[in-house]
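One chain, subunit A, links the two complexes that follow: it is found with subunit B in the first and with subunit C in the second.
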Partner chain A sequence: MNNRNIKDLMFLIFIITVIPFVLPGYYLNIFVFIGLNSLMALGLLILIGYTGQISLGHAGFYAIGAYASAILSTAYNISPWFSIVLAVLITAVVGLIVGIPALRLSGYYLALATLAFGLIIFRVILELYQLTGGAIGLRNIPRLTLGDFVFKSDLSYYILVWVVVIIVFTFLLKVMRSPYGAMMKGVHADETVSSVSGINVKVLKLKVFVFSTALAGLAGALYSHYITYVGPDSFTVEVSILILLMVIIGGSQHPWGGIVGAVILTIMPEYLRAYRDIAIGTYGLILMLLILYMPNGIAPLLEKLFLSLQRLISKGGSITK
Partner chain B sequence: MTDKKSLLQINSLTKRFGGLTALKNVALSVHEGSFRSIIGPNGAGKTTVFNVISGLYLPEEGEIWFDGQKISGTSPAAIAKLGIARTFQHPRNFHDMTVLDNILISICSKIQYHFLGIGLGIPFLNKIVKDGEEKARELLDFVNLDGKRFSYANTLSYADQRKLELARVLALEPKPKLLLLDEPTSGLNEEETKRFMELVYKLRQDGLTIIMIEHRISLVLDVSDEILVLNFGEVLADDVPKMVRNNQKVIDAYLGPQIA
Partner chain C sequence: MDLVYLSQLLITGITEGSIYVLVALGTVIIYKCTRVVNLAQGEFVVLGGMLMATLTGVGLPIPLAFVLTLIIVALAGGLVAILGFRPYLKRNIPFGTIVVVTIGIHMFLKMAIMLIWGKLPISVPAFSGGIILEFYGVYINPQSIWVIALTGLTLVAAIYFLEKTLLGKAFRACAENRFSARLFGINDDKMLLIALMLSGVLGAVGGATIAPISYIKYDFGMMYSVNGFIAAVIGGLDKPMGAVVGGLMIGLISSFGAGLFGAGARDILVLATLLIILVLRPTGIYAGKAGG
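On to the complex of A and B.
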């Protein structure tokens, strides 16, 4: 692993370690959701920022992961750890089935196809009420346990979710900063040149798409064992759009974009709760301003800020040398 | 001629776009290690020949054989992997990427099947990447761009973009056996042309088989073992430079009397 990746990871681990000590307990709950949203946003980030595909249906995959793990662990008594793994695999298979025809489309058409998929999944949840509980949802989903320890407190789940995020982030950093990252960007930039360079464009796109859906499934499964309840309202089109906004606001071509976007767009609604009616309008305004003045998102800006801060500190230190 | 091994064999190739016949019954046989040029007026179908060979277009009729395998009908990626490298009329690179990354995409193309392995940091993949970086620097050294390996491709001069494209296509893995150059000197001045062609001569000396589309007739007559002349999608002549230069049909259609 190269120095840059280690630096990024150390920074993330540092922040995650510090947060429980400095922020009031209420924030741990929010940060569990930030972690879950980060997983989804990271998956969508490599899809949008790297291979250049847009998905407006990630809430559908989030739902499949959540419901699959919920159903398997309640109706079939499968251990939640194992049901999460199965849920991720099930989501990936659905991602593959959706991806094969959908990836023949591109741009707006792919966005529409995935949007439709999200809507269909929402409908299916309502209609298959024997399995999903319909509009009422599923209750009493078992919590994750480790021996006698139950992941019930916000702190324990905070640690669990962020360990998963750190693992996924490590994985993605390696991919993005390897020639594979260049291949993904290449496929987006010029399919013809990519293919005559020996890259199987369709397979590469499909792989990234499936991985992206599997991450949404993972987030969904972790969600269901945290809240211990799943209902259709958590998986609406608005969720898909919110995740998309996280990626764009955070910075779709920057490894930190997903996490930065998730932090901003998970915390902001908490403060805008009293003004729910204007929340969507506010998002729209922020998005417009960002696309106009910061098309690369906030993460690259933060990196610059951080680097100049570092330089300032090291300059100060050099006096003593 | 038949005793030499034919690397590329094109039999009665026809390519149509709707009502337009871009190539009609084109045949071409290229021997290993030879230098073939394709000339002809604009719209004669020269680039179409390249597009069909590299798999970007599917021919309506005819077959293409490369190195003992039938390649017509296979995907561009598969054809590239068999060892056919091509450049474009206007240099095409990945503009928003560093020079080095441009090369690594082809050199490390093997890792495209190991998304999970790359993320998990499996050693043999790390080795492919490390070896690839070394090979990339050798190639960049060859085209004299190693000093600019961290520059973004879109910041390079036109001549450097051509050189980058050449290095990028030579970076194909496994090593290419046939190089298709589509007007490699267009947009370059005399000095840049000379330097670029020196690279091409070196490749030829190393035994690479080359097919070049080119408009500079003096250059073509000078370097080619054989010349294929296309006109309205049909083969007008296919012979050694001396014979092509004196071919009346070629003079009428393309060269004009002053060169002959």
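On to the complex of A and C.
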């Protein structure tokens, strides 16, 4: 771990520790969702920023994780901790099955195949109602427990989810700022050059894609044991697009992009709930304008702002010209 | 499972497939000109249906309403070209990212359509009355004949335009090779405009003719875009004839899938077809010159 990574990590841990003390209780619930969205956005970030591929069906993988863990822990009485692990594995296998044919082709076939996949998963949930509860969904999903302790309060789940986010973020920082990360950036920049220099581009892309779907599955599984209910409405194409928007707004080339985007696009809809339909159209417009005028997103700007603030503070004590 | 039932499914399949043919052809035309898959293509279909409902609603005769609908949607297509595509193509933004831009266009148009026409499904009067015809036990909605006939006519007109007119030839040259086309003084902005306006007309024909059979709703766009794009991929994405074959295929798979295995099976069969084609023949089933 280099200094820069430790700084980033300490900063995240600091914010996460402070939030429960400064923000009203209602926000903990929102921050649980920000954490879950961050997991998905981080997975998508590594896919977009480092292989140049786009997924438009992450809500589908989110759904598989949520439903798999819900079904395993209710119908088959498997312990929720274990069902989460199984759900992540199932999601990764599905990701592999979708990824192999879609990644055989260059260009953006993955984007379109995942879009179709997300739509199909939504239909499958509605159709397999004996298993998924159809439009009604599944209720009474067991909560996570640790001995006698039940992860029921917002605070306990907040801690649980953000510990997971921090672990994933650490991993991401390590990978992104390592030779492996440089290699992945190479895949993004020039496939031919990368493959000539001995990198198996296809396998690398597939690995990253499967990792990214597994993270979505993990987020879904954690979601189902928090809300204790899953229904099809949480997994529409709009959700896939929203996660993609998080990454683009936050910044797909910056490790913080996923979390910054998740914070903005999870809090904003809370306030725009009454104008949901108009909000979606407005997001469309924001998306178009951002790609044109701010293709690197907000995170790099925040970093600059933060660094100059830091410089200002450290200079403040001493007398300088 | 008799012949009558199968014929019924065949007619339904060709009717539904016609719309996918139109959307897929629009997708292919835009793809050939820009290398971008337009995911806002389905909004042209919805816009076509909605305008048809409004224009016939204010008392215009159906042929006039139909022509006006096509003109308005063509203009909408032109606006999408100028505001939605051109700035991104000019800045050399990667094609994959422009696909995301088209999702932005889709979201925006969907909101606009919702604000104008509301969230309730809207019906459109049938072109020649609502009496269902019967041939040897097979029921045919006369509107189906309108759909198939007008789709056929539109295809012939589109092919005539691309093959015989000077503008069409310039467009094909541009789609084949932008740079050498530019050397011959062909303006790519104009070609982009043509591609989007033509796609708008194709979508509008679909929406205006299918709306009397299956009502039209503000959020149908993505469904048409995705089915049309799947049809285009199955046909080979850069082959206009492939779009026709792919569109009909998706229509037939949908209709027979739903008719024989239940409504839930249709989408799964469509996706399975897409995945199989992607694995076995990434350049599409339509045997023609393979292209990028």
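Operating definition for what follows: the second predicted complex is superposed on the first by the 314 of 321 C-alpha atoms of A that agree within 3 Å, B and C clash if a C-alpha of one lies under 4 Å from a C-alpha of the other, contacts with A are read in each partner's own complex, and residues count from 1 in each chain.
Here is the rule we use: contacts are C-beta pairs under 8 Å (C-beta built on N, C-alpha and C of every residue); 3 or more make two chains touch, one makes a residue touch a chain.
Because the structure is a prediction, the values reported are computed rather than measured.
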* Asked: Are subunit B and subunit C a fit on subunit A, or do they clash, once the structures share the same frame?
  -> fit
* **Partner chain(s) touched by A:295 [first = subunit B, second = subunit C, both, neither]** => second
* Asked: Is A:241 contacted by the first partner subunit B, the second partner subunit C, both or neither?
  -> second
* To do: With both structures superposed on the shared chain, find the angle between the C-alpha centres of subunit B and subunit C as seen from the C-alpha centre of subunit A, to the nearest 10 degrees.
  => 80
* Look at A:208 in the shared chain and tell me whether it touches subunit B only, subunit C only, both, or neither; answer first, second, both or neither. => first
* Touching A:117 in the superposition: subunit B (first), subunit C (second), both, neither? -> second
* To do: Going by the touch definition up top, name the partner, subunit B or subunit C, that contacts more of subunit A.
  => C
* Asked: Is A:285 contacted by the first partner subunit B, the second partner subunit C, both or neither?
  -> second
* Once the shared chain is lined up, is A:200 touching subunit B (first), subunit C (second), both, or neither of them? -> first
* Which holds for A:87: it touches subunit B only (first), subunit C only (second), both, or neither? -> neither
* Examine A:68 and indicate which partner it touches, taking first as subunit B and second as subunit C; both and neither are also allowed. => neither
* Asked: How far apart, in Å, are the nearest Cα atoms of subunit B and subunit C after the overlay?
  -> 12
* To do: Across the two complexes, find the residues of subunit A that touch subunit B and also touch subunit C.
  => none
* Spell out the residues on subunit A that touch subunit B in their complex, using ranges where they run on. => 1, 171-172, 174-175, 178-180, 182-183, 185-186, 189-190, 192-201, 203-204, 207-208, 211
* Which subunit B residues qualify as touching subunit A in the complex? -> 54-56, 75-77, 79-81, 85-86, 88, 92-97, 101-102, 104-109, 111-115, 118-121, 129, 132, 168-169, 172-173
* subunit A residues within the subunit C interface of the complex -> 52-54, 56, 101-102, 104-105, 107-109, 111-113, 115-117, 119-120, 123-124, 126-127, 237, 241, 244, 248, 277-278, 280-285, 287-288, 291-292, 295
* Over in the complex, which subunit C residues touch subunit A? Could you list them? => 37, 39, 84, 87-88, 91, 93-97, 99-101, 103-108, 110-112, 114-115, 119, 222-223, 226, 229-230, 233, 263-264, 267-268, 271, 274-275, 278-279, 282
